[in-house]
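First the structure, then my questions, so here it is.
For reference, chains read A, B and C in written order, and residue numbers begin at 1 within each chain.
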Amino acid sequence: MGNYDIRNDLRYSKEDEWVRSEAKGVTIGISDYAQQQLGDVVFVELPEVGRILEKGEPLGVIESVKTVADLFAPISGEVLEANSGLGEGPEAINDDCYGEGWMLVLSVADASEVEALLDRAGYLQHIKDREDQGT
Amino acid sequence: MHYLPHTDDDIEEMLAVIGEPDIDALFAGIPEKLRYSDALDVPAGQSEIEVQKRLGDLAAANTHAGGDAWFLGAGTYAHFIPSAIDALISRAEITTSYTPYQPEISQGTLQTVFEWQTMMASLTGLEVANASMYDGASATAEAALMAMRITRRNRILVSEGVHPHTVHVLTTYLGGLGAEIERLPLEDDGRTASTTLTDDVACVIVQQPNFLGCIEELSQFAEATRAAGALLITSVGEALSLALLRPPGELGADIVCGEAQSFGVPVGFGGPHLGFLAVRMKHVRQLPGRLVGETVDARGKRGFVLTLSTREQHIRRERATSNICTNQGLCLTMATIYLSLMGPAGLRELALQNLAKAEYAKQRLRAAGLELPLSAPTFNEFVVGVPDAPDAALARAKQAGVVGGLDLTRFRPQLGPALLVCTTELCSREAIDRLAAALAGAAA
Amino acid sequence: MSNATRGIAYEEPLVFERSRPGRRGVGLPPLDVPEVDAETLLGEALRKEPATLPELSELDVVRHFTRLSTWNAAVDLGLYPLGSCTMKYNPKLNEQLARLPGLALAHPHTPAAEVQGLLELMHELEGQLASVSGMSRVSLQPAAGAQGELAGVMMIRAYHASRDDTRRRKVLIPDSAHGTNPASAALNGYDIVAVPSGDDGMLHPDAVEAAMDDEVAALMMTNPNTLGLFETHIGRICEIVHSGGGLVYGDGANLNALLGLSRPGDMGIDVMHFNLHKTFSTPHGGGGPGAGPVGVVEALEPFLPVPVVEQTEAGGFVWDEDRPQTIGRLHGNHGNVGMMVRAYAYILSLGADGLRRSAEMAVLNANYLLTRLQEHYHVPFPGRVMHECVLSDRGLAETGITTLDVAKRLIDHGYHPPTIYFPLIVAGALMIEPTETESREALDRFADTLIEIAREAHRDPEALRTAPQRTRLTRLDETRAARKPILRWQPQDAS
């Protein structure tokens, strides 16, 4: 298995988003594993502020030079903020995926959905399972 | 079979390396019942001399453009082609290369496409032009599909001034996607009637100059589409007009597409020609087709690569902006060379000559007693009414050694007996005089 | 070992940067009619600013594009083994014939009676393609393979609609397929269902059976497939699809392996496209034009694009537009006729025996290369192949060298690399199609080069990672191009 920075203070979805609980809601982005898999990110398309998302719904896309990946809502909620800096500087996702490379702030419609996300150990196991299935 | 290098010894030795007794054994993977054992219905192979003879005979059985008395256009234009173009594109590095997937050994193709993109962006008045579409008709269909994706609407308003074949292709392309196509009628002067739009319209498609040669007033459609949240698509029928007319993008068109055959590509019985498609930067991710972008190599030297490829079928598959893959690369190269040779002054002078010849022809036809039913301004093509049946008028023209234009009966019956006449720089004054006399023949 | 050194690598700026105000590359004759005042005639419609075009002499232009051309790899310079693209020799005869004025300057709106030679050529070529493929009827109109696919799927849709069979929303596509297949089906509004290939790289009847139901409009498949394998089960697969009420689309990209040896129509394919620029030797032109004729079985003939060429009882040829069930028109005129002329000349030159021989030699060449390379590169699906073979970089994993590095190193040796990272079902794929026009010595040199590169990967991986080194430009930064796209030259950039 590769060397990935998977942090303790975050929750993770099986689609490789991280979720950080904060006072105003949750901030989400993609994990270090995901950004390494994609390679150099060149473009991100995010939803508009105010859009209501259902858990699991496609919310946007992230592109490297030769791949496109869908982004899925890790939980249900309303888009409170979107990181407009990614438009001009998508490389922030490669350089600092847990910081400058954040994508959205969502309100939390159902706190149990956050609880149900993977913790670090669960997410690392999930990565390992996929790598073992082997492509 | 002189294209195949294999000697009997080669074949024997290669089979020995592979470990098979004969050629047939290589095809063991094909089930017996799927082997074809009959002879194909194709004649026996012929020598170069014989093939030249056969094609020479077929070629001789066609009327073709050339000379100074060809007045047929209608979307395919007989213009002068500078001799440097064929000399250059006959170079093997241009003809026998393919899609520039490996940029380090495709910089010639890539830089040429980048130059083309620059020229077309400027000619259309937009920011991004792609690396070509099959032809003007499919480019227009792709433009409409793009408008549907951008607006998430499916009503398409198409002017009756759009080339009937373009409308036919558009209808074919959109057939599976639930689009509603409606027509905008033409006014008596030959231009598209203005209209107010409801907010379910994806786009308005207007051809410039339109099929009947008339120059449309684009800005009113730009205002109407902007107000309704729709897009204005301008389909350019005669690319040379871009040298003389205000760029559609400058007048508010969101997408400019069309046919650039006039830029150095032979009439060619209608193909291969050169579709183009240009948009604003904000819509670039919905643009179909290849794009070339500037970058640097590992040593910091400027170079060019295919870019924004995630729009395309080889990456996005069923969610791609189009299925287009192979495009019209060689025709693009011809057009880029053409525009480089002509330059801004040459292209403008050429366009002015086209305009002047058309005005002269109109004047001569009027003087001969023929009616010009449409009063809108034109570029190098216009409608003329004939006194009797169009085919009789064309036959008289042929008698006078002139190819007189397109019989509009099938395309625009409401005009009565009429022809669409085109005058390029190749048409001589003397031939125009003969045309006028011949078309008027029955009346005179 | 390298077989590539060009005398001198020329530098050449953008055409706009060569521009000098006042230069012209073309002169025009004096106007023989009265001049007009464009401002009066056109008013507000008149262009104010000239377009961004360069001002150059004819020699400037000739040098510019000649120099640019020297930066391209090309079939006429060396082996160009781009898998699935069939980069065979493009005969010069065909180029000469396509330029005959009677063919190159005929006008699409000229009445059929005055262009009988071209209609006869098209009619004959249609018949030849029908015979080669075992299809009932062919339309030459689609301008490229992808447009042929679009036409084919449209006919499938029209066929189901004509039977009021409106449930069929899905198209089955193997995971090894070209991206154009799902894209063409999606343009018809279909949902795509991917069908997994078996462990042997082939499509298996049980996988198709599992995906088949009464909502399936069609299965699209490529035979030989993108691994270069003949789909052994294709007969049974077509039966399954047909018995479920679906049709089978055949992607003809790889038809070069089958000419005169096996016919899609006999396999159960209902509709297919041809690539004249692959199988029938028309040049690729740096990305096109191609031509993608589409062939159908009898049941689909009513849906062919219009117009079609028909022969009258008197022996002449006419356009038939009046076909009520047609899908319509796909091209503003008659398709890429210039490509048809070249393909026709090619078929006449080769004849039935020559076509068959070329397929045999294409398959011989691919198997020879595979045999020479199989001990040096990982072969994901071992065994005999048809016209192309697929290797991968798995055997080089310990060196950290990837398929991209191997491809770039090939450039240093004067070769265009194979197709890389396709098909998607093979990680790090190198897809090699030598074609029949390459000699044994050419194949040996290429194989020797690839073997040497595999050794070099262990001995001096850095040489591969920094390849190509012998080109005018080294590896280009594609990330930079995509992050901040510069898609045209602008005067303020000229510093």
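One rule holds in what follows: a residue touches a chain if its C-beta (ideal position, glycine included) is under 8 Å from a C-beta of that chain, and two chains touch if they have at least 3 such contacts.
Owing to the predicted nature of the structure, the values given are computational and were not obtained by experimental measurement.
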{"item": "Chain contact topology (line, ring, star, complete or other)", "value": "complete"}
{"item": "Far-end chain from chain B, centres as C-alpha averages", "value": "A"}
{"item": "Chain nearest the global centroid, as defined over all protein CA atoms shown", "value": "C"}
{"item": "CA centroid of chain A to CA centroid of chain C, Å", "value": "38"}
{"item": "Chain B and chain C, separation of their C-alpha mean positions in angstrom", "value": "20"}
{"item": "Separation of mean Cα positions, chain B and chain A [Å, integer]", "value": "45"}
{"item": "Sequence positions of chain C contacting 2 or more other chains", "value": "478, 482"}
{"item": "Multi-chain contact sites of chain A, meaning residues that touch two or more partners", "value": "43, 63, 65-66"}
{"item": "Residue numbers of chain B (touch at least two other chains)", "value": "309, 315-316, 319"}
{"item": "Residue ranges of chain B touching chain A (in the complex, touch as defined)", "value": "285, 309-310, 315-316, 319"}
{"item": "Parts of chain C lying in touch with chain A, wherever the complex brings them together", "value": "421, 427, 478-479, 482-483"}
{"item": "Chain C contact footprint on chain A (complex, rising order)", "value": "40, 42-43, 63-66, 90-91, 135"}
{"item": "Chain B-facing residues of chain A, complex", "value": "43, 45, 63, 65-68"}
